[in-house]
Amino acid sequence: MTLALRGVRYRYAGAAAAALEGVSLTLEPGHVLGVVGPNGAGKSTLCLVAAGLAPATIGGELAGEVRIDGVTTASSRPHELAQRCGILFQNPTTQLSGTSATVWEEVAFGPRNLGLPLEEVVARVDAALDALTIRPLADRDPERLSGGQAQLVALAGVLALRPAYLVLDEPTSQLDPQGTRLVGTAIGELARQTGAGVLVVEHKTDLLATIAEQVAVLVAGSVVASDEAASILADARLEAWGIESPSRIRIERAARRAGVHLVSEVEA
Amino acid sequence: MQPSDPAASAASAGPPGVPAFVQRPPEGAYRRLNPTTKLVIAVVEALTAFVLRGWTGLVIVLALVVVTAAVARIGRAMLPFMLATIPLIASILLVNTFLYPGATDAIVRIGPLTPSWSGLEFATQAALRVVAFALSVAVFGLTTRPDDLVSDLERRGLGRRVGFVISATLRTVPRILQRAGEITEAQRARGMDTEGGIWRRVRGVLPLAGPLIFGALTDVEEQAMALEARAFSAPARRTVLRTFPDSPAQRTLRWALLATLLLVVGLSVSGRLEFLP
Amino acid sequence: MTVSALRTEGLGFVYPEGTRALEGVDLEILQGERVAIIGQNGSGKSTLVRHFNGLLRPTEGSVAVAGTPVGMRHVAELAREVGLAFQNPDRQIFSGRVAREVEFGPRNIGISGQELAACVNDALAAVGLEGRAEANPYDLGFSQRKLLALASVLAMRPPIVVLDEPTTGQDANGIGRVRSIVEMLSSDGRTVVAISHDMRFVAETFARIIVMRAGRVVLDGSPREVFAQEQWPILASTYLEPPLAARIGARMGAGSTPTEAMLVERLLEQGGAMGTGRAG
C-alpha cells in the first residue's frame, strides 16, 4: 500500500514539451518524502499528478502509472481521489472555500460534500482540529486569520477527508518564520500520528532536514537523485542543481575547508 | 473556547455535536423566521407594489411593508437603502410632473414648463412603489444572512453549485477589491499617475485591468482544483449542518402569500382590478 | 557619505478602520546604505516602506526623501527617487512582451528614445534576462517573473531601491541573483532597503538590520549587533530566530557570528581545530 509513480510522463494541455519525464517515486504510509528542485523543474506538476488532479481535473496527457494503494488515478473520479490523497497549495487564500463563516464550518466542507452522516462529520472536524491543535480557532472567521493559521485551517480541511496520503506544494512559502514553524511542526507530527504518507515540496532545506526521511531531487522534469534525507541534503551537487543546502551542511563544509572542527550537536 | 459543548448545542436547538457558534441563531422574532419565509415575504411585497395600479392597492401594500419593517425592528439601518433611492425618486417626480403626456390640468405655468396634477399624481404613485420596493429589500437584507438563506435553500434542494456561486461571490468581492488595490499600488510605484488630471489617469486601464483579470482567471483555476480536491463534485447530497426553524404556520403563510401574488397578478393583468380607485 | 536618503521622525500610522500599524518610528537611512527590515507579519514592515514613496501618508510624524519632506507629493513623482518592487510579480505584469513591461516605468517618468532603450537593456542585463526581451512574461517561470518585476523598477534608475520580500518563492539561483543585484546597486552608490523573512540572506547581504515588532523599531544595528546573544530574547519576543551560524557561534563561545564566513573566521582566530569540546 503506497502512492507510487512509475515512469510518469506528463504534458499540460496545449504545451509543446512534457513537464515531467520518466518520474518514478514511492511514498510510504507514515513517511515524509521531501522534494526539492529549482523553480521550473516541475515540482508543482508532480504534486498535481501525484494527487491525481492531473489529468482528472486539469486535463493534459499522462503516460506511465500513478497508483494510490493500487488503484490508478486515471481510473478514479476526482471525489474518489480526494478521499485517497489530499493536496495543499502554496497560497492559503485560494484554497479556503470562501463560503464558511467559521473555521469549524470550513473544515467541515469536505466531509459534508461526501454526504457523510452528521455525527461522522462532527467527529472528523473535531479530530482534524485537534490533530493540528487549532481548536481555539474554531469560531474564527477564516478570512481574518494570519497566513500560518490559514494554512493550518486549509490543512485541517484536507485532513478531515481522512486521506491516506498528503501532497504539500511549498506549504510555507508565503509564511513568516513563526508561520513556517507552525506548519512545519504540524507536518512533522502528522505522519507520526495519523500514519499518512506525506510528500512535501520545499525550498527550505533546513525545514526538510528536520521532518523528511527521504528526499528526491527534481531537475528539468526528471528525478536526478532520490535517497535518505541525510544523504541527499549533504550531497555536494545540490548547489549545481540550483538548490540551497541546509545551513548546517553549508557551515560544516565551510568549517571543514578551513580546518576547524564544530560542536557536534546544535539544535537545527 | 470549548466549541462542542453539548448543553450549549442543545440550547440552540441545532443538530447534536454542532457547536453553538455554527448554529448562531439570530436575535429577534422576525429574524428567527425561516430564511425562505423572509425571502417570500420580501418578494411578494416588492412585486405586488409594482403590479397594483391605483392608490388603494398601493397604500395597502405600503402599509404592509411598513408594518413588516416595524415588526422586524430594522430601525435606522434602513437609511442607506432609502437614501439610495433618492436620486431615482427625484428624477421620477421631476420627469413625470413636468412631462406627463396628454395632461391638461396644469398646476401653474412657468414659461414653457407646465407641471400637471395628473403628472404629479402618477409620479407620487411611482415614487411610493420605489419606496415600498426598497423597504422590503431592506427588511430582507437586514434580517437574513446570505449563508443562512443558501443553507436553507440547499436543504430544500438547491444544487450545491448554485449555492456555492452565491456564497462565494459575496465573499469574493472584498478579495477582488483588495487585489485591485495591490495592483494599483504596484503600478503607481512604477510611476502611473492616479493623482494627476483625468487624462493622465485614463492611460492606466490596461496596467490595472490586465493583472486583475489574469489574476482572477488563474485564481479561478486554482480554486477549482482546490474544490475538486475537497470532493466538491461528489454525487451525494451534502450533509445538513445547520437547520432553521420552520413551522406549519410559516409554511401556510408562504403558500398564502405566493397564492395572493399570483391572484393579484392575474387579476391585474386581466383588467379586473380597475374598480379600485 | 552622510547624505540622508530616507528619514522618518515620530512616524505613526493608523489604518482607516482603526488598526495602528506604526508608532513613533524614528529612522535615518543614509545614501548608499544596505538595510534589511525584518519582523513578523503584522509588525509594520510593509506599512513602513509604503511611506517611502507616498503610497501611504503618515497619521503622525513626517517622512523625508533625500532630505526633502514628502508632504503631499504625488506617488508618480516620488517614484523617480524611490523605486519599490513588490512581492508578487503577477500583481503588476500586464504586457505581452518583457521589454514592453520594463519600459512602463521609465516611460511614465518621461524617459524616451535612446535613453529608454538603454534603461531597459541595462535593467534586463542586471537581472539576467537580457536574452528574453521579446519573450512573453508568462512563458518565463515564476522566479524569472519576479526578477522581471524587479527589472521594471530598476529601469527607472531610482537612487533608492526598496525590495518587498525579494526572495520569497525564489530558488537558490534566484536568491543568488538577488544578492548580486543588491551588491551591484550598492557599489553603484545607491541605497537598498529590503524586507525579508530569510535570516541567512539578510545576515549575509546587508550591513544594517532593523527589527520591527508591533509597529515599532525594537533593534537597529549591524548583523553582528542584532544577532548577538544578548538580543535573542528580543528576537524571540517577535518570533524570530537568529541564523544557525549565530547560534553555533554562541554555543562555541565565538561571540556574535551571524554568517558562516564570520563563524569560520572567529573559530580560526580562536585557534583552528579547537573544538572537539564545547566551549562555555
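Should a chain be cited, it is by its letter among A, B and C, assigned in written order, with residues numbered from 1 in that chain.
By our rule, a residue touches a chain if its C-beta (ideal position, glycine included) is under 8 Å from a C-beta of that chain, and two chains touch if they have at least 3 such contacts.
Values in this document were obtained by computation on a predicted structure and should not be read as measured data.
Chemist: Of all the other chains, whose mean CA position lies farthest from chain B?
Modeler: Relative to chain B, the chain whose C-alpha centre sits farthest away is C.
Chemist: Work out per-chain C-alpha centres and flag the one nearest the whole-protein C-alpha centre.
Modeler: Per-chain C-alpha centroids compared to the overall one single out A.
Chemist: A-C or B-C: which has the larger count of contacting C-beta pairs?
Modeler: Between the chain pairs A-C and B-C, A-C carries more contacts.
Chemist: Averaging over Cα atoms per chain, report the distance between chain A and chain B in Å.
Modeler: The separation of the two C-alpha centroids amounts to 42 Å.
Chemist: In whole angstrom, what separates the CA-based centres of chain A and chain C?
Modeler: So the centroids are 29 Å from each other.
Chemist: Between chain B and chain C, what is the gap in Å from one C-alpha centre to the other?
Modeler: That pair's centroid distance is 47 Å.
Chemist: Touching two or more other chains, which residues of chain C qualify?
Modeler: Not one residue of chain C touches more than one other chain, so the list is empty.
Chemist: Looking at the complex, which residues from chain A come into contact with chain B?
Modeler: Touch residues, chain A against chain B: 48, 51, 53, 56-58, 77-79, 81-83, 86-87, 89, 91, 93-95, 97-99, 101-102, 104-105, 108-119, 121-123, 126, 135-136, 138-139, 143, 157-158, 161.
Chemist: Help me check something: in the complex, which residues belonging to chain C touch chain A?
Modeler: Going by the criterion above, the answer is residues 40-42, 141-143, 168-175, 197, 199-200, 239-241, 243-245, 247-248, 251-252, 260-261, 263-264, 267-268, 272-276, 278.
Chemist: Hey, which residues of chain C end up touching chain B in the complex?
Modeler: Touch list, chain C to chain B: 50, 53, 55, 74-76, 79-80, 83-86, 88, 90-95, 104-109, 149, 152-153, 156.
Chemist: Tell me, which parts of chain B touch chain A in their complex?
Modeler: 1, 3-4, 15-19, 21-22, 24, 147, 160, 164, 167-168, 171-172, 174-175, 219, 221-241
Chemist: Okay, in this complex, where on chain B does chain C touch?
Modeler: 179, 182-183, 185-196, 206-207, 209-211, 214-215, 218
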